[in-house]
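Each structure below appears as structure tokens.
The same chain A turns up in both complexes below, where it pairs with chain B and then with chain C.
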Partner chain A sequence: MKVLYVCPVEMAASGRLDLVDSLTGHRGRVWNVSWNPTGTVFASCGEDKTVRLWTKSSGQRTWMNKTVLTDGHQRTIREVAWSPCGNYLASASFDATTAIWDRKSGEFECNATLEGHENEVKSVCWAKSGNLLATCSRDKSVWVWETSEDDEYECAAVINAHSQDVKKVIWHPHDDILASSSYDNTIKLFREDISDNDWINCGTLASHESTVWGIAFDKTGTRLASCSDDKTVKIWQQYLPGNPEGVVTQSNEPTWKCVCTLSGYHSRVVYDIAWCHQTDLIATACGDDAIRVFKETPSSHKNQPEFELICTVHRAHTQDVNSVAWNPKEAGLLASAGDDSRVNLWQFKEETIIF
Partner chain B sequence: MLALLLNKTKTFVGMNEVMVHGDLIDNVNRALQRPSNFLNQEMDELDEESISKRKQDLKDQVYDCIRTIKDPEKPSTLEDLEVVYEDGIQVKSLGGANSPSVIHVEFNPTVPHCSLATLIGLCMRIKLQRTLLQAIKVDITIKKGAHDTEDEINKQVNDKERVAAAMENPNLREMVENCIRECDD
Partner chain C sequence: MSHFSGILQLTDLDDFITPSQECIKPVKIDKSKSSGTGSKIKIQSDGSYVQLDEGGAIQPLQRVDISLTDCLACSGCITSAETVLITQQSQDEMMRIFNEKRKLIDSGQIAEAQFIVVSISMQPALSLAETFCIPPESALKKLTGYFKRLGADLVVDMNVADDFVLLEAQEEFIERYRMKADGSKSALPMLASSCPGWVCYAEKTHGSYILPYISTTKSPQQVMGSLVKNYLPQYLKDSNRPIYHVTVMPCYDKKLEASREDFFDSTTNTRDVDCVITAIELEQLILSERKNLAEEEEGELDWPFPGEKSTLHLTSSLGSGSGGYAHHIFLHAAKELFPDQQASLEFKALRNQDFQEVTLEKDGKVVLRFGIANGFRNIQNLVQKLKRNKCSYDYVEIMACPSGCLNGGAQIRPKDGTSPKEMISKLEALYRQLPLKAKPECNDAVNTLYDTLLGGRNSDKKKALLHTKYHALEKNSNALNIKW
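Moving on, here comes the complex of A and B:
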């Protein structure tokens, strides 16, 4: 018998998210989902200390859990990240280590463990160049790791710029610029100082009033979106030295200015934010169990952009939504993870309003 | 008793129907089950009297859960020490089709420099998480002005990542388990 379930999607301005799949397998909270660079596989991880890889066989419409990576960590796996080539996976864990998995043998195996953080590693990310990896921890530090051809990982820098727990690290979409967000309410940017190979803090973005849980660059890398425990989302615009707008820059570094604050939309902490590099849509994962999608309005201005909420899925999960990730190739395909131990897949569709 | 505690009831008053979505009708090789919450859906249709009764029930349920937590240092319960009190519990939202249930718990540490206030907050959060019948959002804060570092403690106790990590620390976990273990009367 076919029973139709009406998806609790609010008819908003011009879009909807349809549930495509709801995947079980994890036990307990799922913290993170992450697509591989070609968008054919995604990894999920969580409280059960496993990384699960999900794929869709050709001709099939459903996503299947093909691989479960166990024995890499002693505690919760907080985040998982793919290398730009798609052959490596890094997993960050509360056990203070980051595991590197590769599939040289055909299957993903843990072949390196990065140690050094004093306690929980919260986030890990590979730079576009593929030679750099960043991790961050409750120990307040951000580490940059250099990878070599023979899979050796060497610590290139320990950056102590934040005054509290560092929640998230991400790399710029093209350049070796690193961004981190923290329990200290700020976002910081780092780059390597060519003169002495030291990593320096080249920008501090302060405006959020509580922990900044998530950050995401747009496809150009000139804008950054952030989400926070203060229930807001902020959009930051980069201004280069000598910019025509006259925004003051210091020491010949770009200035990042908050040009838009989206408040009043989220009723609880916003745990994650994803900026689609194909459609430019922004999705958020919220502690009120909802997923929301924002779109820049056609009349929006660079220096004063406007974003509108075009879709809300209430109860996208039955508990907090922890992670959202747009598929890098298939426009509008979104994966989400929640405290309800599920991974859900959604397809975004633009629509004209029908009254 | 411990079994009761460990019974982390994330009961979803579930409709176990197969969800078939749009063009996905064919070849659904496993049931896509989507738990839904009858209680919350009903909520939208309730009159004021039933709403206030449900609020009181939830409040009682929450208070019963936290009042018996033992103080980490003394042989007394949080209720005996007046660290928790019925008026400290507020039902902010009973939830509806579009919003989750939210409760707020205020507590009053015995002294303004109480070094165990964070642990007490942690105990309340963990015990509520394990005991409450539905997935309810819980905000926990220290009574305004009752602690020297209340902002710091509030932030920590309400950061679920910090709470989760703390519970994976064997020493902290043992302390919490000792405080929230139900004693046979």
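Moving on, here comes the complex of A and C:
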């Protein structure tokens, strides 16, 4: 006779990343992967000074390298970014320039080069509105570029708020607010001052103890995730002036407060972070060759949120993972790039484990 | 925190090019002859470095000193540490000279004392006037009184130098305009040369692309330097007496300019301008005496120049508070080149207030297009247009600081809650209230000096004393500088 007994049931969110594809083609490190706005194409770039575009033909399972963009840069390409319309690509290079590629001729061609940074450009990002572009560099500056109708790019601001190498620039998902992260351990926010069309530093987020390599807004733009050389991930919450929580704000600017620090999960520097605007999952790229996925717990509170690690892929790449990017349309599809010169594609599947 | 302004570096201003990451100036090391295997270097507990030779003997190693001249000659970075400047161009150094002089006078050795000349430019006088709440002309006279109390032999305003620069720049423009008509590609646009931050940036970053366009006319500071060191000995009838020349300027970059090799006379071993002192530093000096400039006795400005002494010391022009170059040269060029056209000085702002242009039309076609570009972002756009052959300007007044020289990097910062923008508009308002200057052509002193000191308007001496050269710097690309 079977003995029946009742044990307490504990449920925990969990998930797994299944490798969908592992793509070769780049020579040397792959620095960055970036999806186009419709999620049908992604671009990768790296040490081999090329930008590669990858697509999947209908009915096909595998991603194919359809286009290789060469001759745009003389040194490593560190990052590539799509315009919101999907018709332009910007590539940031260690040759101190940013190239703008458009496909007016049908194929992507480099039709403008943004010069001005003193040395290595580290990151580039297009604002949601489509007519602003930001770049940042080892020269410690963040530049805002304005595009005009005739595809001329003019410098709208040179911002020297950071005291060290600036690693990453990203735009707010809805507004013309710019965020940058730096070797000076801080994240800074900028907006345009309408009175003189100059850009001002409207917030400094300090809590990381080392270089902040990556930053990502959630879909609402009221939260920001950051990852750092200090092996932690931090979640920052925006508090508007006059907020009910009583968080102090200054000069009528919102305050961004660190409300959660995820430490103990990463064994080495965290190079990149991606916050999925469909599933709200956070993926990280780590120097310990792993990709991790975090999820906010259901009972989590806005002012003291809790996130749990729900998936770790050890040896996601055979060397450092440099970049992770969620597909903007296909929930759970993640692209990653690594020092092993590969681009990997992963599908996230959630599963609930009952203990 | 470094204090360079505008394009070079400025605290609390988001509009400048950054200083270096690390100094990459290669250092020459004299190897000791005795060592075959190389020697050991040890760091002592006090942080000094010593070399241990084979016998175990300890030899202290000399620290490498990077001089300002090294920095100016290197493409490694736009500026260097501020400490580099402190040796030659500081308030301490100026006070040392004044104190030395006083000691010599006290001990009766007047003949050996340096003859000290102070040239005061308009912008720092306005900055001090605003800070100490004194009317501008009175502030200038109280500043004169202050320097005389310290021991200055001559205190002068910059009007003569300003007029020389306007006259030389307008002639240069006409000449370049005609060269362009004759097919020269690098004649126009002519770019203003009086902002040392801009010139230094152009030399280090854009070299041969841009330098041919920069006006060869010296800045007012350096024209003043030429006059003080070349004309004053005649005036004093004593060519042996050493002259120490201090200029009072609105920006730290003027210190870099004064330190350029081009303005060093190796035969006399002196610089045209020995020490540049700024509004901020003067405020500190005055406050350190626990004094208010308002309490200082007014002094009379001197007039060592030929002809009748000018009574107007602080004047404004129709144009910018940076010298009014664009306006002045525009009017002159319109009159000279298109005498039938009515030129109006309606500058209109383009992308922002710091980028303005004015045009002269003839038969519906633009025949002259002048611009004013202040601040680094506008300089960038201009430079990039120039590089891509898309620059349609004939002349551009370029200043590294947003709002130009009234907002120079070493103008006194606002206090008690005044915003920097409010401060600039206050100085702008003070400037507009100054009496309008007379045409530089009517300056008798300048006209006489052309004939006497300079030996005419086309002489080599004039060229040497009123014009200068620029030097492109090779980019030093060193694999060791790469950083991910």
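The rule is short, and it goes like this: the second predicted complex is superposed on the first by the 340 of 355 C-alpha atoms of A that agree within 3 Å, B and C clash if a C-alpha of one lies under 4 Å from a C-alpha of the other, contacts with A are read in each partner's own complex, and residues count from 1 in each chain.
Please note the rule applied: contacts are C-beta pairs under 8 Å (C-beta built on N, C-alpha and C of every residue); 3 or more make two chains touch, one makes a residue touch a chain.
Since the structure is predicted, the reported quantities are computational estimates derived from the model, not experimental observations.
**Q** Between chain B and chain C, whom does A:Asp289 touch in the aligned arrangement: first, second, both, or neither?
**A** In the superposition, A:Asp289 touches chain B alone.
**Q** Looking at A:Ser267 after the superposition, I want to know if it touches chain B, chain C, both of them or none. Which is it: first, second, both, neither?
**A** In the superposition, A:Ser267 contacts chain B only.
**Q** Would you sort A:Arg138 into first (chain B), second (chain C), both or neither based on which partner it touches?
**A** both
**Q** Check whether A:Ala331 is in contact with chain B, with chain C, with both or with neither, and answer first, second, both or neither.
**A** neither
**Q** For A:Arg61, select first, second, both or neither according to whether it touches chain B, chain C, the two together, or no partner.
**A** A:Arg61 sits against chain B, while chain C stays out of touch.
**Q** With both complexes superposed on chain A, which partner does A:Ala156 reach: first (chain B), second (chain C), both or neither?
**A** second
**Q** Pick one for A:Glu118: touches chain B only (first), chain C only (second), both, or neither.
**A** second
**Q** If we overlay the two complexes on their shared chain A, which of chain B and chain C does A:Cys110 touch? Say first, second, both or neither.
**A** So A:Cys110 meets neither chain B nor chain C here.
**Q** Which chain, chain B or chain C, ends up touching more residues of chain A in the combined arrangement?
**A** Between chain B and chain C, the winner on chain A residue contacts is B.
**Q** Classify the contacts of A:Asp21 with the two partner chains as first (chain B alone), second (chain C alone), both, or neither.
**A** Only chain B is touched by A:Asp21; chain C is not.
**Q** Which chain A residues lie in the overlap of the chain B contact set and the chain C contact set?
**A** Looking at chain A, the two contact sets intersect at 94, 119-120, 138, 165.
**Q** List the residues on chain B that touch chain A in their complex, please.
**A** Listed in rising order, the residues of chain B that touch chain A are 10, 12, 17-22, 24-25, 27-30, 32-37, 97-100, 102, 135, 137, 155, 159-162, 164-165, 168.
**Q** In the complex formed with chain B, which residues of chain A make contact?
**A** Interface residues on the chain A side: 1-5, 7-8, 10, 18-22, 29, 47, 60-62, 75-76, 78, 94, 119-120, 122, 138, 165, 167, 183, 210-211, 229, 267-268, 287-289, 314-315, 318-320, 339-340.
**Q** Along chain A, where are the residues that touch chain C in the complex?
**A** 94, 115-116, 118-120, 138-141, 154-161, 165, 195-201
**Q** If you look only at chain C, which of its residues touch chain A in the complex?
**A** Interface residues on the chain C side: 14-18, 21, 78, 205, 351-354, 376-377, 380-381, 384, 387, 402, 421, 481-483.
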